[in-house]
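Order as written gives the chain letters A, B and C; numbering starts at 1 within each chain.
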Amino acid sequence: MTRTVAELLEVWEPVIGLEVHVQLATKTKAFSASAVGFGEPPNSLTDPVVLGLPGSLPVFNAAALELALRLGIATGSQIRTRSRFARKHYFYPDQPKGYQISQYDEPLCEHGHVDLILGCAVKRVRLTRIHLEEDAGKNTHVGAVSHVDLNRAGVPLVEVVSEPELTSAEEAAEFMRSLHRLVRWIEISEADMEKGQLRCDANVSIRPRGDHRLGTRTELKNINSFRHVQNAIDHEIARQLRIVSAGGQIERETRLWDAEAGQSASLRSKEEANDYRYFPDPDLPPLVVDSAMMANILRALPELPAARFERYQRMHGISPDDARTLVSDRSFAEYFDAACAAHPGEGSGRTIANWMLTELLGALNAEAKQLSQARMSPGMLSALVGLVENGTISGKIGKEIFAECYATGDPPLAIVLRRGVQQISDEGVLREIVERVVTAHPKQAEGFAAGKDGLFGFFVGAVMKETQGRANPILTSDLLHKRLGR
Amino acid sequence: MTAAFWTVAETARQIATGQITASRLVDATLARIATVDRELGAFLDVDEAGARATAHELDRKRTAGEPLGPLAGVPIALKDNLVTKGIPTTAGSQILVGWIPPYDATVVEKLRAAGAVIVGKTNLDEFGMGSSTERSSFKQTRNPWDASRVPGGSSGGSAAAVAAGLCAASLGTDTGGSIRQPAAFTGVVGLKPTYGRVSRWGVVAFASSLDQVGPLARTVADAALLLEVISGHDPRDATSLAAPVPRYTAALAGGVAGLKVGLPREFFDGHGSGTIDADVRAALDRTIAMLRDQGAELVEVSLPHTPLALAAYYIVAPAEASSNLARYDGVRYGKRAEASDLLDLYRKTRGAGFGPEVKRRIMLGTYALRSGYYDAYYKKAQQVRALIKRDFEQAFTQVDVLLTPTTPTAAFRFGAKATPLDMYLGDIFTLSCNLAGLPGLSVPCGLTSEGLPIGAQLLGKPLDEATLLRVGAVIEREVGLGDRRPGAIA
Amino acid sequence: MTTLTRNEVEEIALLARLHLEPDELDRMQTDLGAILEHFVTLAAVDVTGVAPMTHAGAAATDMTLRADVPEPSLPVDEALRAVARRDGDLIVVPSIIPGNNS
């Protein structure tokens, strides 16, 4: 009897580990001063080192070290003060030297973590290591031949390896998104998956629930987007479950994901019997990191997403959902913090968050714009919120003022004054208007007195019309109730 | 003395004072190369056009009163594993036939900046792997002292060219003795600097943690001058040292009075499977006696791990070589074989392009780095290497410099070494120095009864080339070859 | 003599991407065996507590880093001048699949 995946998952537990390559945002390559670029004419970003010419030698990029350290520190990793580069040998046309300079025994960082924000809680996923390496060029298959472009060869990467403790495809995708957010947050990488600046391989295995040993894993390659991460891993888990439920064994292999076909194929070839023959690279002395360097980086680190997620809830009473949106991008969080700083006070955070998430992000999305392109500064938003809170304008008018401020970038108060839409909160003035309106509509007044509740709105509307919408709604309501007798 | 055998210093003086033009000297040099090298076989490529152009420009500068560098007009030859822009560079291998580099090695840039005239590229054992230049895939180089014998290797062409007066001096490379041994075999001075003293940018890599560029010259003073020009920190070589470069030429006259010279017993009692040739032993004894007369104190010391040096070297060097030669695959440069698929391309290109010795070392190195073997071979060898270095450090607490024979015998005949191992065993005296990263100098100290040159080797503390040169100058003056020139090819 | 099986020799030759003719394989087996035999001396050496010497001398402590400042790349034609087979500015190699390149 065949069982469904859901049924099998009651008995079997998926175990997933990710190996993610992140391209560091340096101007030059890892081991030489050749420029880094994307979409440039083929083989236009090379030099003797990149080409692996006889006699060429590597010298490591100081900026790459700084950026890698930043990630190490942001993930709470243990940083090795003396780490080593190692040569990883394999023959492939996109690997000019016949080896990749990477790290093996003594990587730069170990035992850090990445925080995932799942629902209301933060889940901490442990990392095995983060190490430095250089990228390979690009090899494109064209019929019977391959075309090689070495522009990407030598670009500095960090490889981030998670512990095998992700328990579902969904979690794996969230890990990718979190890492993506983090590397952009601390400005070490653009991490554009379409440009290949963030790439991942997944190691997937299954084991009986409750068992602590790891099953045989397969390695999944060619995962090019967040969506692929989830689909490919789900597919692989299902494939493995089908095999074991039919009594078969999982083979240790590498499989290529084909997003169009929605399935993976085994990469079986002689190339796979790879003995990388790692040894410390004799051309590169140990990489030394001193505590002053690390202290500087730690000092300059911005408050990270997970910490902000918790602080926004704790300090501002913002809901987990809203908090998660605010930390989905560093620019949101910074904008929010700046607006709150300009407008401190009990509950102001929640109010500002509401305005940001509904009005501001709504307006930006409608125009497909980024927050950095918004003409409305945090100061302006907080000023607007202030004007509503102190009664200068009503909430309804506030939305109109928002729209104009967003469109023009003019300060809210200036717009209010220009349009003359200050709220009327003078009791005397309002009482007169209420009197006039009620007197002018005796029939409706009688009707309301007789119990027709709906007519209240009529009077409110009439007062608003008299005042071009400027009447303080709460006062108006109060005064009307008094005048109308109930 | 004919211009062919002028020292570097003499040549530079003659040019600087206008007694001879650079162009005339180049003409004479090229003419001599054209005749003598037919039999000698030292050159793989002679850059006539380039040499003449450089000379012409120098002459113009001199006439215009512009400043000239310390090597202005001096004809220099370069071992063909030094990358030269626009001049073919083969490293002695078929796999690089026709390769014309788009850049210059740092040492080449420095020579040019000093005004040197690069006359051509010299023959070598393929990729520096060998001790006789018999492993060149192009031609044989003969020893100018005896045409039936090898000039040594792997810098055989560089040594022969200097010995036969085809250039004023040359550059070679030394990974396990490849400057010092051919210098000893051809009766010239050869220096391997401290590891990191000279930049390896543009040096076709054999064993990255052992390779160094050094001068071969007819006098110690010339070697000192060349060393001054080529030394120094290079930001393009992460292993190059930041230490300032002393004026080596100024330190030559000190003499040896009061100096402590160590004689490592393991180098004298015929360890290994070959004993030291009687004539070599006698020449060293004479040198030792002379140094004592000159006021040096001769002390017996011990470098107990010396017997392990051969094994350690022949694991470390091939391992690094197997890695450094992985780039020769015919994809981006070099001779590419016809192939049906990628795997075939790699195997055929490399199978056809590399000679047997290179293949042997690649296989050895690959073996030593395989997972499961790494600890027992490569890692172990590197640990033994540390012990060898420690031996030297210990010895240098007692003495200032060490003296040994450069080689157990004088130059051997072509084909004399029947097996690879036989060839390797000839390197036993020179290897330790590379393993420890120390400087080493070979200076002629006599001739065998057959009239073949004998070399005395001096080994020094890190960055103490000055002491080596100082002692070398005394050996040269007192027991050197004087005016004697090779008789077979000249 | 340290025995290297013929299989091992072939494996190493594959790892090193060296095509060896049968007689070359024979010679390699003999030569390598003799050389490896010589290395037996290393096995007995006590290296407890000795750090492997991966770099020589002062290079072990001096570390050079490079500033992140671009320098001009090699012009494409110079970079590819020595390439045996090109398609425009791309390097061409046979595909990885056996027999696909006619």
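Basically, a contact is a pair of C-beta atoms (placed from the backbone, for glycine too) under 8 Å apart; a residue touches a chain by one contact, two chains touch by 3 or more.
Since this is a predicted model, take the numbers as computed values, not measurements.
S.K.: Considering only mean CA positions as chain centres, point out the chain farthest from chain C.
M.R.: Using the mean of the C-alpha atoms as each chain's centre, the farthest one from chain C is A.
S.K.: Count the touching C-beta pairs: is B-C or A-B ahead?
M.R.: B-C
S.K.: For which chain is the distance between its Cα centroid and the global protein Cα centroid smallest?
M.R.: C
S.K.: Just the number, please: Cα centre separation of chain A and chain C in whole Å.
M.R.: That pair's centroid distance is 42 Å.
S.K.: On a C-alpha centroid basis, what's the spacing between chain B and chain C, in Å?
M.R.: Whole-Å distance between the two chain centres: 24.
S.K.: Which whole number of Å gives the spacing of the CA centres of chain A and chain B?
M.R.: Each chain's C-alpha centroid was found; their separation is 58 Å.
S.K.: Mind pulling the residue numbers of chain A that touch at least two other chains?
M.R.: 48, 51, 59-60, 91, 93, 146, 148, 150, 270, 275, 277, 282, 285
S.K.: List, in ascending order, every residue of chain B touching at least 2 other chains.
M.R.: Counting only residues that touch two or more other chains, chain B contributes 99, 102, 209, 235, 237-239, 326, 329, 331-333, 342-343, 346, 366, 370.
S.K.: Multi-chain contacts in chain C: which residues touch at least two other chains?
M.R.: 14-15, 17, 52, 54-55, 59, 62-64, 66, 74, 79-80, 91, 93-96, 100-101
S.K.: For the complex, which residues does chain C have touching chain A?
M.R.: Per the touch definition, chain C meets chain A at residues 14-15, 17, 52, 54-55, 59-71, 73-74, 76, 79-80, 87-96, 100-102.
S.K.: Report the residues of chain C in contact with chain B in the complex, numbered from low to high.
M.R.: Against chain B, the touching part of chain C is residues 9, 12-20, 24, 27-28, 31-32, 34-36, 38-39, 41-43, 45, 47, 50-59, 62-64, 66, 74, 78-85, 91, 93-101.
S.K.: Applying the document's contact rule, which stretches of chain A touch chain C when the two form their complex?
M.R.: Touching chain C from chain A are residues 26-28, 32-35, 41-48, 51, 59-65, 84, 91, 93, 141, 143-150, 269-271, 275, 277, 280, 282, 285-288.
S.K.: Note which residues of chain B are touching chain C in the complex, please.
M.R.: 98-100, 102, 194-196, 209-210, 235, 237-243, 307-308, 310-312, 314-315, 322, 326, 329-336, 339-348, 350-352, 354, 356, 359-360, 362-364, 366-367, 370, 376-377, 379-387, 389, 419-421, 424, 435-438, 462-463
S.K.: Which residues of chain A touch chain B in their complex?
M.R.: 48, 51-60, 87, 89, 91, 93, 96-99, 146, 148, 150, 270, 275-279, 282-285
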